[in-house]
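Just below is one structure, and these are the notes that go with it.
As written, the chains take the letters A, B, C and D, and residue 1 is the first residue of each chain.
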Amino acid sequence: MNESGRLEAFSDGVFAIATTLLILEIKVPEHAGDGLWSALGDQWPSYAAYVVSFLVIGIMWLNHHQIFRFVVRVDRTLMFLNLLLLMTVAALPWPAALMAEYLRDSSGSHAAAAVYSGLMVVMAVNYHLLWWHLTRTGHLFDDRVDTVAARATIRRFALGGLVYPATVGLSFVSAPLTLAVHGLLAVYYGFNQLPVPTKPVEGAAGAVPEAL
Amino acid sequence: MNESGRLEAFSDGVFAIATTLLILEIKVPEHAGDGLWSALGDQWPSYAAYVVSFLVIGIMWLNHHQIFRFVVRVDRTLMFLNLLLLMTVAALPWPAALMAEYLRDSSGSHAAAAVYSGLMVVMAVNYHLLWWHLTRTGHLFDDRVDTVAARATIRRFALGGLVYPATVGLSFVSAPLTLAVHGLLAVYYGFNQLPVPTKPVEGAAGAVPEAL
Amino acid sequence: MNESGRLEAFSDGVFAIATTLLILEIKVPEHAGDGLWSALGDQWPSYAAYVVSFLVIGIMWLNHHQIFRFVVRVDRTLMFLNLLLLMTVAALPWPAALMAEYLRDSSGSHAAAAVYSGLMVVMAVNYHLLWWHLTRTGHLFDDRVDTVAARATIRRFALGGLVYPATVGLSFVSAPLTLAVHGLLAVYYGFNQLPVPTKPVEGAAGAVPEAL
Amino acid sequence: MNESGRLEAFSDGVFAIATTLLILEIKVPEHAGDGLWSALGDQWPSYAAYVVSFLVIGIMWLNHHQIFRFVVRVDRTLMFLNLLLLMTVAALPWPAALMAEYLRDSSGSHAAAAVYSGLMVVMAVNYHLLWWHLTRTGHLFDDRVDTVAARATIRRFALGGLVYPATVGLSFVSAPLTLAVHGLLAVYYGFNQLPVPTKPVEGAAGAVPEAL
């Protein structure tokens, strides 16, 4: 196992558990009897919060995985920044439950959506810090990485990150819309993450497939 | 760790956590005292839902594992389809709890069983999408796989998948029977999964044991 | 990763999650204020159930790990038997919570202890089935294992297993004593498991340390 | 996978799950409506307990990881001591919830903080036992480790550990302060852990980066 292997294993664990705990926020309606179908229908915010939050964490994991494929050394700062990132990822089941509880409540929905979006802002900031630490000197990357090009991505990264503060504002307009936007952002980042820039390879070119 | 290693590690995590969370749906009877034995007996739907759902997820894991032994490359689409599959797997503790709560309720049991079966339909569809993506071009498989034969399995796969929509119908006849059928299907797929077709090997024939 | 690697990874996941979920059965006393110390003291059955159950699962994992170090091939039957074993391991948080709730209740404690002991019987049976399948032909072991000697351990194994049915009887005498016995049995098996018999090695003798 | 690989995998699982379960102690306020913001504000002890406990477990993991990088053999005693350590790590979500519930309660806060600090004492003792077992003979370490120097760290280690009993005393002065101190201690140990002393290397000096 290379040096970053156990950091990845621990991170994978937190990502996997955080996604799987999300299901605990979907409740079983009590004493519904005949009315079970409608009681289940009334719970649509729970289902929406589950799907969106699962995608958010799942795709976060995917991009985390994509970056760490190129990390071969770890230092204390990377460990610590990664821990901060995991702390926000692992916290998501709570605002998800908050959204599920208050999405249909005209007065509480805005606060719930703002908390959800606020956590996403913190998560994005932590993710940028991690990327910034990795690209600043590039000493933790393996040889394939073009560190100059990697450093240059920081500005575009940060620009993309501005969308998260905007969702905090949107929370005060419409909570369901805010949740939908978070779902769309997750899918977008699932297919359009900035790739880790690599140097042109001469020899074993097949090692890093284009498609990923 | 080969390229699909971390995808498998994350998937293993979700499968393992989802199975283990199932136990949370079995409640501890309160203030039962002398009547604890009968209170425990009344909870039989919880035990049945636990056993069946554990087998369903466990054997899903087994077959997932079986397929990914032959996957040596991953692309974004595979990652995304796998995420959709995990989203349904991780959701199972919820309909399991629903079954446990309503299986003995004449009016609510049908809705509960239909939701359980409905999730199984979505799970089967996601599983087929993943298999379809893998076999369509076969570019993610390792060299052992006979991609032509693998592609040909899709129709039989889909045919087998028709049993899940049928369980939705069965839900409106008998919820306990529906649960039993899901248990039997899991055991059946535990021993009769379509194998990944491999090419006849000349050299190290022992590498892929027949028995698995 | 060798063939049994992913089976071990999945098993490790279930063992780790089951132990960690145990903490959820220890409740936070409500509105205790000044009386928090005594409210915490009243919860001693929860602490006892936590410690004993953690040891039971932890040492089960240790012995599982010890056996699988020698397993280099897997077949469907092994997968299935392992799944049955995990199903009982993952179920332990429930009787642990039952013990915590009823240990101080004169009428309910016997039923709670009997359920706990009953699950331990099923766990022991599943463990023996797995060992029996492994030793019967020995075709899944690696070359170091002395399969004849391994097969011969079955009788002593089964004899040791008789202690678990005895704890079911003990449950009707004293529930706290039963819990204590399970704790002692776990520690005993932690240090005295029957080792997997290996052939005398000529070459690299250091590979399998005596101490383990 | 080397011999300590699966012990690390199991430990990583427990660390990862324990951190991720912490979020379950943060509740969703019920029926808050208009007052959701203030209801969320009232929950500040939950957020503080989450952040501190996440750091405590996360950095414990980091240091555990740091030590086990040098462990290449395992024996039963190491397994058992590691299990005791994990038992206390996995228990932390409970005193965290206790802190969250009672931090603002003048009469209950001292008991809650004392229980939290008490568990930290047990955790520190278990950690020292593990380190003592590893350094006493050094037979489980790999060749890089300077076992004489490692043994010499025990006294300094123990001295540092005295801070934990002191936090038990502090609990009776101020519970919020106690929590803050635990957070600071975690961050301190995150950056200042005693390194595992290694021998001067002649050849591949880059293998163990100074920065870690």
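Going forward, contacts are C-beta pairs under 8 Å (C-beta built on N, C-alpha and C of every residue); 3 or more make two chains touch, one makes a residue touch a chain.
Note that this is a predicted model, so its numbers are computed, not measured.
Using CA-based centroids throughout, the chain positioned farthest away from chain A is C.
At the interface between chain A and chain B, under half of the residue numbers appear on both sides, which makes the contact a different-residue one. With centres set at the average Cα position, the gap from chain A to chain C is 36 Å. Note: centroid distance chain B to chain C, computed from Cα atoms, is 26 Å. Within chain A, residues 1, 9, 13, 17, 21, 24 each touch two or more of the remaining chains. Looking at the complex, you find that chain C touches chain B at residues 1, 6-7, 9-10, 13-14, 17-18, 21, 24, 73-76, 79-80, 83, 86-87, 90-91, 93-94, 97-98, 101-102, 105, 107-108, 111-112, 115. Across the complex, chain B meets chain C through its residues 1, 5, 8-9, 12-13, 15-17, 19-24, 26, 28, 30, 32-34, 36-37, 40, 50-51, 54-55, 58-59, 61-62, 65, 190-191, 209, 211-212.
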